Structure formats: structure tokens, C-alpha cells
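Before I ask anything, let me first share the structure, which is written out below as C-alpha cells.
Think of it as A, B, C, D and E in the order they're written, each chain with its own count starting at 1.
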Amino acid sequence: MPEVIQTYTPLWACLTALLAVIPILLLRKESFLREGATFVAGVVMLGFVISMVPEVLSGKVLECTLVQITEDVPIKFRVDGLGMLFALVASSLWIVTSLYSVGYMRGLKEHSQTRFFVFFAVSLTATMGVAFAGNLLTLYLFYEMLSLATWPLVTHHQDKEARGGGRKYLAYLLGTSVGFALPALIFCYVKASATGLEFSAAGFLAGTGIEGSVALVLLLLFTFGFSKAGLMPFHSWLPGAMVAPTPVSALLHAVAVVKVGVFCIIRVFTGVFGLEFLKTLDIAIVVSWIAAFTVITSSLIALTQDNLKRRLAFSTIGQLAYIILGVSLLEDRAVIGSMAHIAMHAVGKITLFMCAGAIFVATGKKYVSQMDGLGRKMPLTFIAFTIGALSVIGLPPTGGLISKFYLVTGAMDAGQPLLVTVFLVSTLLNAAYLLPIAYHAFFPKDRQLSSQPFSWKSTAEAPWAAVLPLCVTSILAIVLFLQPQVLLKLASLMVGDAG
Amino acid sequence: MKWVGLIAVLFTGGLLLSAMDDFPNWGDAHSPANASPVSQYFIEKTIEDSGVPNMVTAVLADYRSYDTMFETVVVLIAGIAIMAILRVGNQIPRGARPAPVSAPASVNDDHQDIIIGTTCRLLIPVLQLFAFYVIAHGHHSPGGGFQGGVVLGTSFILAAIAKGLDPALERLPETRYVKIAFVGVVIYSAFGVACLLLGENFLDYGVLSVLLPTIDAAEARSHSMLGVEVGVAFTVSAIMFAIYANLASKGELEGGL
Amino acid sequence: MGETFKANVIDHFNFWVAVVLMMIGLYAMITKNNLIKKLIGMSIFQTAIILFYVSAGVKDGATIPILEHHAAETEQVEAGEHVEGHPVANHEAHAINPDDYSNPLPHVLMLTAIVVGVATLGVALAVTQVIYKNYGTLEEDEILAKIKAAENDG
Amino acid sequence: MIWQFDIIILIFLVITAVISLRVKDLLAASMVFGTYSFLICLLWAGMGAVDVAFTEATVGAGISAVILIATVYNTRRDSSD
Amino acid sequence: MAEQYPIIVLLVLLFGALLVGLSGMVDRRVCFPLAVTALSLAVVVSVGILQQVINGGVIRYFVGGWSRPVGIGIELRIDTINALVLLTITTVGLLTAIFSFRRVQEDKTEKTPLFYVLYLLLIMGLSGMVISGDAFNLYVLLEVSSLTSYALIAMGKSRRAATAAFSYIIMGTIGASFYLLGVGYLYLRTGTLNMMEIHQAILALDGSSSTIVVAFVLILVGLMIKMAFFPLFGWLPNAYSYCPSSTSCVVAPLMTKVGVYVMIRMMLTVFGTEWVFENLQYAQWLVGMAIVAILAGSVMALAQVELKKMFCYLIVAEVGYMVGGAWMANHWGMVGAIYHIMSDAFMTLCMFLAAGIFLKQAGVVRIDQLDGMFRKMPVTMAGFVVGALAMIGIPPTCGFFSKLYLIRGGMESGHWGYVVALLISSLVNAVLFFRIFEIAYFGKKPAEGHGHHENHSTVSVIKEANVSSLVPLLASAAIIVLLGIFNSDIVELIERALNGSQVIGMNVLSGKGGQG
């Protein structure tokens, strides 16, 4: 067992964003100060998270119990490698996103900005809560909190389209979580309340004697119940949620919502069942095939989408399925790859979304077909876009390569050549739906455009607050390629325990 | 609806009768209910505990006087409820009610029969006297606060029927009967609270003997029972009249039947 | 002949009639269309229950649950003499045979039930008058029709 | 209690109950209900439940009937059933 | 004095009512402070009672000191379960009394004293029912609470209040009479009215008596009418939706819940769980009916366009939760049912308070009139959202934990249909409440022609409610969250009553309640 340290730092990290609500509300008249508060909270939060990194890296686990909410199961925070990894990603990208949203919201003069920032902060709290959740109940609590807190963000425009998207969003997320995850949770509670539902590498369900079809049903209930992961057939909320303002899409798809979904599923695999126990049960392959199906299908759909945000959304669905596929292979390297992919994909995808938003702010264009030659107008944005696309596809010099490498080798370890093929085919598809955008932006099909000489003076980038963040994240994508050690160490901590 | 009702009723009836062969025989002195220690206690020990020969009164006002207090409250509620429901928009007058200018020009005038008038004039005092007898003699004969209260209330109702509601309301106006009704419950519960203040359980009258040194616990119980019966009579008589007055006049307290 | 008749029917006859009356009352409460009729049914239902209780307290050959006056007088005096503070059982000599008196407990309970019954009846009649004021009828079907009509208008 | 007498009253009770529910004139129904109450009060007196009988005589046959009649007076006499 | 608490809690309310009645005739402005004072005292005393029970075990209070032999007098009997329910009742009473302040200010008919007299007596009746240890005394107090609620409902200004009250009176009287009859059957066979003594007698009869079975069925049916259990709920929606807000806010949370409580009390204390679950074969049937109740209540709630009506059908579904939980013959099911009595009381209170505020401030009757409420009345909506989340069952509100225990019970006892019904009902609640949120958040549907403009002038003047309305709402929301957070303590108290010697006959429940 890893060494356990009792500390309230996770709680503070989690509360920082929630406490930021108060100054945001108080300063609602002073937009500059209000956004300053958001930003400061982000930095403080990241500080808290980073302060815990060394201890986690040295193999220790930080814990704090908040309330003994039921006899056996407390509300409890527990920081291990996976949680740390996710918290790092979420908190660092929050800073970037909040900077970006300042630029975006100001640029478009959006209404109700205070409300936007309030719920933004609340969803971050929920995300951190999920990251640090020490048991299944805590995880579920923050999971639901996130669904609810992001609803006003998704429906921010309050028009008919937003209404429809929001309805779908909640219907899918709440429907599956109440309909599938909750019964699964209660089933676990019934079976294993003595373990406190606490995540452990061996899995708290190991030793409760569930097996066969019951275990499979339970696993599927969890997998579909956390439908934020966008696994087919419960994926269609994600394109629907594209009605949200772009910073929301960016945060939702890259950081908060969908990653919480896959994070929860990884938790289920590694903490609830335990990899070893799942191997003996021999049921995870079902999930693998569902994920593989999702990977291919969503990539094919993405090819057909003209709306850039929708195309990215389907891309996200595919990439999430990678992660699930990786973890369901139950091989050490695949699992490490999955965890690393959370971070790699987050960085890549957030770049892409922020680029989409920046394009929209600067030119009002939403469709891929309209972006011909835009690279000459917005060179920085499209350079970042290209890097992001490379990262999502998994090409050097970006971090995406590393996680994909782990995933593919993991699939080979598992002896599933067919799944290896899935990975490779989908990589090609990724390239097919992302790279042409970048290419045509710089080398337009339209001769007239391409013949014009490029000059920096003719560029028309989005406001600096929108461009800076996407530059930062694209650089981050490259940095992660060069320095992935911390992430990989954190990820392998989880696997190491099991072995 | 008829069929649903019929089926429900027949089903209920069948259910009720299905237990009939398990019942003790009618009039069986040794049935569980009749031979239970509780019932035996009441019959054997009433005299000892309080010296009241009418066991019903003793059980009502002493052993189970907690029930009876709430029963009085039920009566009070009925009166208040009827006023609350019927006196819509009719101001509940504060202070004295303005005297009616003349006899109400309602149908009652036609029926203002001399025979009825005279009979009532004769009957009402007798009724009221009888009511007091029933209240006071409840320890020894059938009767008590409820019965006496109802008879007392009936005497007012009789007056209202015979002479019209307004003359009756002049004698017992709304503010007064509402007050009387409340005071009745106050009297009842005051006996209980007195016991409470003297350090015993609620309505444990025996301890009240402390207040009157010449009597013992049993007598204290007996007298307290009379006291609470008076309280019951207050409430019941006032509310019975209130119910009639409101129902007869659609809550307007004028005219009457 | 008389004995068997008594044993088979009379022993439970009161209960039978009580049940029949309950059913009459209940049927009226559920199916009668007129509100006043419903309330009469309600009263019959309640009195039938009271009849049931009172029947449960009857003892053959027993008298009313009031001690004979003379006996009461003497016993009261004795009680006054012997009992200080809390009453203690010391009346073996004057033992009262419980079989001689009806069971007083059901009577007490039913006093309460009667009063509750009349209270409910009074409140229900008040509500009836309000309904009549609102709808001008006491027939349930007509009231429902008027409610429906009002809903369609509004 | 003479049981034959008891039975006669019980039978009459059922009859009055049915009549009071079947008669179409509500005033008559109220009156018959008063009769019913009086009969049941007789029955209880016969059973030795004198206090109950007394109460029923005053409350059931008295007040209940009177307030029923008062309401009928203030509303309508006729009834469809 | 402390040993007199059980009676004092009732006396405080009784004297409060009497004082309100007597002084209210002189000056009706004193009614509100008097009522609130009385209820606050009652809350304080019931907290004291709870503490006593926690520290000293069951309280047995013999009114009039008639403790020997047990059963000649009336016993008040308080264990942890009824101490908790008592506290719930008085707290809901206090909060709703504060809420009624607006009503007092605007009431021109001078019925204020009458209202508060009835109100206090209603709370007294419910409290008395809960702490009573005597089956017949329970009936008397049942009638106290029923009569007051009839009157309070009939006081509604709506034309349909009277008809709703009438059908409530008829159904309520049938219910109470069935209960009375059931007690009569019990008395006939056991010869006593004290709950514990009845239990002893039933044990002695060794399950052979059909009278006891009939008594149980009668009491159960009577209580089911009172608690509006499917299919006997017909009176509830009209009665609760056409009465004044300050009435519905106290009647809706408490009446049905107390009915459920009494049923559980009958099952636990009077008949005993061995008898109920082993001698009777009804448990499966009742769980089945509860499933139907949950589904039917949810579906009917979906069909409603009026806010209060929707909540009323949700109550029907929630009653199904509790009945099903109690009849699962499982420790956790019973715990969940009892816990849900409390949590549902406050959830319903929160819902009806919010509905009352919407009605008062904005004249909202139908759900689609709630448009734009998040902007117009943010504080009210905040309270409402908490209540709604609890109804859906989102942690950490109490609604989640009651569902957790109930579903755990259902899983352990193998009542999968119940589990599924509960989940479906949660989903339906989610749909219902998010429909409301959506309307309140987005405003009216765009396709509304001229009606929109007419409303516009009235809509724009809608203001946030005043403090006396918001305090109870926010307090109930806070209690919902607190009940959730401290649910393990409450459950521990409930279990203490279930497992300990406080309630007899727990073999069935505690035997199956082990860890899976």
C-alpha cells in the first residue's frame, strides 16, 4: 500500500474555484476586476495542485475525509497519480481558457458574462472534485454537480437552438447517470459498502464474488452511465452541445466534461473493478469493441461535417473512445497510454477549439468550406491549429504521438491485432479530416487567394486575449512531446500499484 | 361509479364478516375485551380511585381524560371551522353587535306562533336547568359535560328556532360564544397544567388535593372531574349553538330559518 | 330450537347488523349523487361503527356501568377513610364483580366518536352550503359539469 | 336486554337507514335519519350503554338532525336520488 | 420539567391556539407573533425531546399518571423515530407559519385568528398523533388534524376549494372510520388500546386470529386513504392545489407523511414485523402496488400543466416510495422509508413554498407562466432548484440518500421492479424539473402571439418576494442539504430504534440487513 498523507490541500484546490464565485459576483459591475478574480483563482488553484505533485510523484497518496455521509462511505478526497494527472491538466487549462474566454466574450460582447464566469468556476470545482474523489460516491456527487453546473453554460445563448442543445445535453447526461450509473453505484454500495467504495488498485469489487453476466452488466452500466465520455450510442449530446460559446466548447470538450467522463470510466476500470480482477472476469473486451466501433464511426462522421465545431466534436468522440479502448485492453502500457492521452488530447483539442473560436471572433466564419485561405489572414491561429491537429492525429513533434504509441503497443501486448488496426485506420481518418483544413488555409484552392503575396500587415487576428492562449496551448503540445516524463510517471504510478 | 362502489362495499362487507367466526360471542362476559385487565380495573377500582360511581364518567374524565381534552378540542375546531368556512366576507364583529332595529322581516314572523312562543318560554328554562343537572350529576348518573353541554346548547337552538335567530343572538352574541368556547378548553387544560405545575404528570388530578387541604386525592379527582366536565360543557354548548347559528343563516348570523 | 337459533345467529347478530349498516352507509357515501345524502350515509356509517364498539362491550346479565347508589355512597366514604395520598387496593370486602357491569371502556370511546361524528357532519354541511352558494346545486354530476364548463370557458 | 326486542330494533334500524337514503325529499330524509338515531339510541340504552345513548339522543337525534334540516332549508329539498 | 416535554410540546401549541383565538378577537395583529412564538417553543421542546431520546432511550409518559396496569390511561411513547418525525412536523409548521405572514398582511376578511387557531391545532394534532402510544388516542388526534385540514382547505378563495374539501371530507372520513373500525376489531380481540399491550396480545394469539388480520387490513386501508396511496389518492390533487398557499405548504408536506408514519408505527410497534411479514402474505402485493403508485404518480405528474397539481401527483409517487420501502421486509428499505418521511416533508415544503411565492408574486398557476423566473426572482429560484434537485435525487441533497437507502433495500430484498420504478420516477422528476428550469431560464416559447404582449406589462413588475417568504424557503432548502450531509447520523438514530429493544419484533428486519 502506498503511504498516505492526511492533508486538506485537495479540498482547498477544489474550493478555490468555488470561493472565486464570491468575488466574481461582488465585482460583477467591474468586468476587468471580475475577470481578474477568475484568473487569480485559476493561478491559486494551479499552485495548490502543483504543490502536491512532488509527494504524489514519490508514490504517496494524499487523503482527506470531509464528512462521514453514510455509515460506511464518507465524502472523501484522495489524490493519486491519475487524479493528479487530471487535476494538473484541468487546472492549467482553466487558466488558459479563462484568459481566452475573456477575449472571446469581450470580442463578441456576450450578455450575462457574470453568470458565465460564475458557472465556469463552479464547473471547475466539480471537475477538481471528480479528479480528487476518493470513492465512488464522491465521484458521482461531483459528476452530477458538473452536469448541472455546465447546463447554463451550454445554453448560454438562451435561444431556440441553445434550448434544444441544452435539453439534449441534460437528457443524455442526467438520464444515463441516473438511469445507469446510479443503480450501478447503489449495487456496489449494497455489495461492498464495507470497503467504503474506496478506489484501490486491486478494485473494491474484487472479492465480492460478482462474476459473469452480473459483472458485465455492472461494467456496462458504469461505462454508459458516465455518458460524458461520449461512447456510442450515447454520444449525440456532444455535437448538440456545440451551441455553447466556444470557450465553453473548448473547456467542455477538452477539459471538463468529456474528460471527466473518461476519467470516471478509467476509475471504474482501475479503481472499482481493478485491472487484475477484470482480467480474471474477461469481460472488458465487450467495452473494447464498443469503443473501437465508436472510434471508426465517429471519425467517418467527422469527415462529413462542414461545421468546424461539429467536426471537432465528432473528433472528440473518437478520441475519447481511444482512451476507453486503451483502458479496456487492461494492459499496462495501454492504460498508461490512455491516461497520458487524457492530457495529450486535452491540449491538442483545446487548441483546435480555441482556433475555431478565434476564427469565429475574427471573421464570423463557422464552416470549413469558408476557411479557404484564411491562414494568410490569421497565420498564428492556423499555425496553432496545425500543431493541435498534429497532436490529435498523433504525429511528431507533438505529445499526441507519445500517448498513441503507448496505446498501440498496449494493443499489441494484449494480442489484439484487429484493434491495432483500428488505431491505425482511425489515425489515418483523423489526418483526413483535420489536415486538409490546415492545408487549405495556407494553400487555398482558390488560385486568386494563393497568388497574393503574404505580408504580416494584412493579417487580421482575433484579439490578443484569444490568440495568446491558443499559442500557449500549442506550445504546450510540443513541450509535452519533449518532456512527457512527469505525465508518464503519474500514469504509471497507477499501473505500478496493480503490478 | 355505482358498480365500483357496490363492489368496494361488498368487498369490505365480506372482509368485515370474514372475521366473524373468530369473534367472541355477543354478550360474553369473558371475551378478551370484557375480561381484559383494563376493563376489569375500571369496574373494580373506579370507586377506590376517585369515588365516582359512574364508571363512564370516571374513565372519560380521569383515566382517559387526555382523549377527552382533545375531543373537546375537536368540538372547538368544528365551531371554528364552520365560522372560517361560512363567514366569508362577513366581518366577525368586535365588541357588541348592533342591536337589530326591529324584528327581522323574515318568514319567521309568520310562524311566530303564540303556542310555540309560550311553550318555548316554559321549556327553555327547564331545559337549561336540566342541562346543569346533567353536567353536575354526571358522576352519579348518565350524563356529564358533553350531554349537558349539548342540552344547554339545544336550549339556545330552541330559542333560535322558535323566536328567530336574532333574539337568540342578542342573548348569546358571536363574540361571547366564541369566547365561551375557548374558555371551556382553557378550563379543561388548566386543570391539567395545574397538575403539571404541582410536579405530577399532566391531568394527574390527585395532586390537586394540595390546593384544598381538606380533601384527599380521591376527592380531588372527583372534584377535578367535575371541573373539567364544566369546561367541556362550556365549549360544547357554545359550539353547538355556533354550528346551528352559522348553518341556519348561511354564515350571515341574521334571519335564520 | 331457540337455543340453536340463539347460538348461531343471535350471538353475532348485532355485529352482522352493524356490518350491514356500515355497508349501507359506505355505499351511500361512495355512490350517492346528492351531497346531503352522502353525509347522511356518512353518519350512518359512523353510528354503525359505534354500534359495533358498543356491542363489543356488552355482557349478558350485566347492568349499566354505574355502581349502585348506596354502594357507591358507602364505598366513597370508605375510600375517603382508608386512602391517604395514592389509592391502594384494599377493598376485598366490597369486591365488585366485573361481570355485573357492562364494559365501560367502549362507551367512553364511543362518546368521543359520536362527538367527532357530529363535528365532521357540521363542517361538511358548512362546506355543502358553500358549494351550493358557488354552484347552485347539490348534485355531484351537475357540479362536475359546471366545473368542466367553467374550465372550458377559462 | 330482551333479545327479541333487540332484533326488532335492529331490523327497524336497517329499514330506517335505507329509507333515509332512498327518499327523494331531503327534509324527509333528515327526519328519518333523526328516527334512525333515536332507534339506535334506544338500542344502546338497552345494551346498557346509557351514556352513549344519552349522547346519541342529544347529538344524533338532536343536533345532527337539526343542522341537517337547517342546511336543507338553506339549500334545496329535492334530490335526484 | 424535562420529563414533561412530551406533553409540553402539545400544550404549547394548544395554548398558543387558545391565546390566538381569545386575543385575536381583540387585535388580530397579535396572531402572527403568538403563533410563531408557540411554534418556535414547540420546535425547541421537540429538539429537547430528541436529545432526551438520544441520551436516555425511549420516553414513556403516562398522562394522568395512570401507569399501572399499563393501558388504563393513555401513554405517550417516544423513540428516536417519532422524535425525529415530531421535530420535522414542528419545524415545517414553524417555517410555514413564517411564510403565512404575507397572508396576514393582506387578509381583509378578519379570518386571521381563525386561520391561526386551526393552523396551530393542526400542528398539534399531527404532533400528538406521532407521539401517541394509544391506538384510540391516535384516532382522536387524527380527527383533530383532519378536521382542521378540512377547514383550512375549504377556506380557499377558489370556487373549487369547497368541492375539493368536500371530497376530502368524504374520503378522509372513510379513512378515519376504517382506522377506527380496525382499532375496534383489535380491541375486540385483545382487550386493550395501548399499542405495546396490543402487541403483546397479538404475540400471545400466535397469529391464529382472523380478527387481527381484518383489523390490520382495515387500519392499512384507512391509512392508505389518508396518505393518498394509489389508487386511493383521488381527493389529494384538488384538495392540495385549490387551497391557500399557506395551507398547502403545511398540509402537503405533513398529512401524507404522518399517514405513512402511522402505518410504519402500526407495522413496527402494534402488529410487529414478524407478524406483518411472516404471518401475512401481503408484502409482495403492497410492493407491487407501490410500484404502480410510483409509476402512475410520475406519469400523471408529467401530464400536468399546473404547478401545484404536478407537485400533488409527485406526492402520490413519493408515497409509493415510502410504502414500497416499508413493505420490502428489509432493514434498509424500512430505514429508507423512515428517512424519506423526513426528507420528503422538507422537499415537498420547499416545492410548495416556491409555488406559493410564484403564485403570490407573479400569479403563476401554470408551468409555462414561469418564464424568465431565474432573472426576475433569482433567490426564490435558487431555493426551488435545491428542492428540485432533491426531488430528482442529486447528491448531496437528502433526496439522493433516501433513494440510496430505498434502492439498497430493494436490491437486497430482490425487489428489482421497485428499483426500476424508483429510477424511472427519478428520471421523470428530472424531466419535469428541467422542463421548469428551461422555461424559467429561457423565457416563453417564441411562438406565442398576442398573449405575450398582454402579459408583458404584468411580467415586468414581478419582483423578488419579501423576506418573510424567502426565509422559510431558503431554510427548507438548507435543511434539505443538511439532512443529506448528516444523513448517516439520522440513519444511525433510526437504526437505533429499529435494532434496539425500543421497537419490538425486529428480527425480520435486522436479520436480513447484513452486509451483502
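Here is the rule we use: a contact is a pair of C-beta atoms (placed from the backbone, for glycine too) under 8 Å apart; a residue touches a chain by one contact, two chains touch by 3 or more.
Model, not experiment: these values are computed from the prediction.
Contacts with subunit B and subunit D are shared by C. Shared contact partners of subunit C and subunit E, listed by label, are B.
A summary of chain positions shows that the Cα centroid lying nearest the centre of all protein Cα atoms is that of chain E.
Chain pairs B-C and A-E differ in how many C-beta pairs they share in contact, with the greater number at B-C. Using CA-based centroids throughout, the chain positioned farthest away from subunit A is D.
Averaged C-alpha coordinates give centres for subunit A and subunit E that are 44 Å from one another. Between the Cα centres of subunit D and subunit E there is a gap of 37 Å. Between the CA-based centres of subunit A and subunit D the separation comes to 79 Å, rounded to the whole angstrom. If you average the CA atoms of subunit C and of subunit D, the two centres end up 13 Å from each other. Subunit C has residues 10, 13-14, 20, 22, 26, 55-59, 62, 64-66, 105-109, 111-112, 115-116, 118-120, 122-123, 125-130 in contact with two or more other chains. Among the residues of subunit B, those touching two or more other chains are numbered 16, 23, 31, 33-35, 38-39, 42, 54, 56, 60, 64, 67, 71, 74, 77-78, 81-82, 85, 88, 142, 146, 206, 243, 247, 250. The residues of subunit E that reach two or more other chains are 136, 140, 143, 147, 150-151, 154, 162, 165, 181, 187-188, 193, listed in rising order. Chain pairs recorded as touching, per the definition above, are A-E, B-C, B-D, B-E, C-D, C-E.
The residues of subunit E lying in touch with subunit A in their complex are 389, 392-396, 401, 403-404, 407-408, 411-412, 419, 423, 426-427, 430-431, 434, 437-438, 441-443, 446, 484-488, 491-492, 515-516. Those residues of subunit B that touch subunit C in the complex are listed here as 1-2, 4-6, 8-10, 12-13, 16-17, 20, 23, 25-29, 31, 33-35, 38-40, 42-49, 51, 53-56, 58-60, 64, 67-68, 71, 74-75, 77-79, 81-82, 85-86, 88, 140-142, 146, 206, 216-219, 236, 243, 246-247, 250-251. Residues of subunit A that touch subunit E in their complex: 67-71, 75, 137, 140-141, 144-145, 148, 151-152, 155, 158, 160, 162-163, 166-167, 170-171, 174-175, 178-179, 182-183, 186-187, 189-194, 208.
Of all residues in subunit E, those touching subunit B in their complex are 4, 7-8, 11, 14-15, 18, 21-22, 25-26, 61-66, 69, 71-74, 109-111, 114-115, 117-118, 121, 124-125, 128, 134, 136-137, 140-141, 143-144, 147-148, 150-152, 154-155, 162, 165, 181, 185, 187-193, 197, 201, 209-211, 213-215, 217-218. The residues of subunit C lying in touch with subunit B in their complex are 10-16, 19-20, 22-23, 26-27, 30-31, 55-62, 64-69, 71-72, 75-76, 79-80, 83-87, 89-91, 95-96, 98-99, 101, 103-109, 111-112, 115-116, 118-120, 122-123, 125-127, 129-130, 133.
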